[in-house]
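Look for chain A in each of the two complexes below; its partner is chain B in the first and chain C in the second.
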Partner chain A sequence: MATTPKPRVRVPKSAAAGEVIVLKTLISHEMESGQRKDKDGKTIPRKIINKFTCEFNGQPVFSCDLDPAISANPYFEFSAKVTESGTFKLTWVDDDGSVYTDEQKIEVA
Partner chain B sequence: MTFTRRRMLVLAAGAAAIPILPLAPIPAFASAEEAAKLMADFAAGKEAVAGKLKLTAPEIAENGNTVPITVDVDSKMEGDDLVQSIVIFADGNPRPEVATFHFTALSGTAAATTRMRLAKTQNVIAMAKMSDGTVYMDKKEVKVTIGGCGG
Partner chain C sequence: MNRRLFAAHSALLLIVASITGKAVLADPVDDSLQIDGTEIITRAPAPEGLPFDQVLSGWLFREAETRATEADSFANPGMLAVERGAEIWNTVEGTMGKSCASCHQDAAKTMKDVGAHYPKWDAASGKPLNVELRINKCRVDNMGAEPYKFDDPNQLALTSYIKHQSLGTPVGIDLSQGQMQSWWDRGKELYYTRTGQLNLACASCHEGATGKYIRADHLSQGQVNGFPTYRFNTAGMVSLHNRFRGCIRDTRAEMPAAFSDELMALEVYVTWRGTGLSVETPSVRQ
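And then the complex of A and B:
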């Protein structure tokens, strides 16, 4: 389970100006809730992604604070209104301080 | 201390006197009370109105580990008609908080989908806060066949 979290993001390649597009993101992460116990009865420490943000050309679009009740491999589907070509920057922040990022370009006609 | 009939009556009357928030689930578990408190904090004194916010969740979730939920607010996402944030609570989980979504004018629509864990059959509550301070809420009971917490 201790693999490096790998983000997968689906963003349309192109869109019309002013169009509202849908972004789908998934990152592989076990999202250890801190509620489970191992076979010796000891609590497995919490390790989740606690923050997700999406920016477009440096402007915030969407963000989410996650709690342990989010499933493993957290999935998000949300929308963005695009008026110009640019880059979506997606960031996931882990409890241990690691930051995972992904960038997606979009052409706006 | 012995529990006489009189004492039981006094206790029952005391329990019934605990104020229950409008629309809040009846506190049956510690978590439900906590959820009610968090909901009151989020509403910040405003009364939560039903209607504009729509929470979509399955009626029966076979696997509590991944329950897809969608929140959607009917909003133009500009000026005063802008959703600032949406919170999700689950009143029967060990911790009632699930997620907080933050939206901006660039979001286009106030809609988001994710997958959550449910420990048992319970209410999932979504609340949305608009830029003018209005609070909307929606609630769905999800029946869970296999719980998704602990192990």
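And then the complex of A and C:
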């Protein structure tokens, strides 16, 4: 899938204060490892998402570095405790400098 | 009862069990599948003429993690292809300035259950068409666009999108149309013909050895209700004819071309073998 990477994110629309919610994210990306060779024997340059972060109202929630052994279309599932309404901002950083982002609002009652 | 005779009986039973390979069977699991609230039929009564009572979805033969990935439409990476297919559906292409949606409007309505009944007889071309070929025919005849080459990512995405509109619908093809029956006959012949240096027919593995191991893998019935399928091993979508070719390659035989008459006949026959199973597109396999 050599199309522009497109994130999919699932966050509950609402939650109770102090509730632990589960966030799921998936992004389409080929995660080319840099170890493979093309038909002419030339190395296919590495192109992976190397960093993923999630912030809530500007505060870090989760982040990780990705390495070449991670397979295509990386999927993350993690949980967070929410105490106030706000916005999750999710960011994927590509080797070529591209940044893919997604924002999800949540209402906390 | 004669005690010694009873003991001898038990011993014999044990031997029989080990010969028939019961101990190494990777049986289909006892589990049920729902996707987004849609009940998926993974076991159905076998159509007349098959040597087993039930036809079983390949989903039942996969590991728990693989099964769970398919059951969650968010985690299923095949849904990325379906979403891409939805974009293509609405994209204008070709000299006539049309998209799929220009004629067929909302796929959720117009394509509902359509994919479950392919391949279908096409009188104009005098052969059965599968979804891929039907898309190409539409592109050429009605859009003035280039037909997709085999396994073009857009072909995979659009096929997945269209078949996904039949999620949960039982597979059933109409063999009474045109010469479908003779294509079915030809497909059946191919299914039971041993080919390649390993001298294997489709039936050698998928009928005679279902549930057993082939190296470290579990042999399913080779049902095609989930195609195009997302495979972890290639991290991408795999079309049915790609899968056919891969299987034939593994018997070390010469591979027929994709969409050739041989593989179309095989698709007609193998699709029929899964009559009654729900469409699972995009299914997830290892």
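Some observations on this one:
Here is the rule we use: the second predicted complex is superposed on the first by the 108 of 109 C-alpha atoms of A that agree within 3 Å, B and C clash if a C-alpha of one lies under 4 Å from a C-alpha of the other, contacts with A are read in each partner's own complex, and residues count from 1 in each chain.
Rule of thumb we're sticking to: a contact is a pair of C-beta atoms (placed from the backbone, for glycine too) under 8 Å apart; a residue touches a chain by one contact, two chains touch by 3 or more.
This is a predicted model, so every value here is computed, not measured.
In the superposition on chain A, contact of A:Gln59 is made with chain B only, not with chain C.
In the superposed model, A:Phe78 makes contact with chain B only, not with chain C. When the two structures are aligned on the shared chain, A:Asp67 is found in touch with chain B, with no touch to chain C.
Of the two partners, chain B and chain C, it is B that touches more residues of chain A. In the superposition on chain A, contact of A:Gly97 is made with neither chain B nor chain C. Shared-chain residue A:Gly41: touches no atom of chain B or chain C.
When the two complexes are superposed on chain A, the residues of chain A that touch both chain B and chain C are 71-72, 75, 77. Against chain B, in their complex, chain A makes its touches with residues 20-21, 33, 35-37, 56, 59-72, 74-81.
Across the complex, chain A is touched by residues 74-75, 77, 79-81, 83-84, 153, 232, 235-236 of chain C. If you check the complex, the residues on chain B that touch chain A are 65-67, 70, 77, 90, 93-95, 97-109, 111-118, 148-151. Of all residues in chain A, those touching chain C in their complex are 1-3, 6, 8, 10, 24, 26, 28, 31, 71-73, 75, 77.
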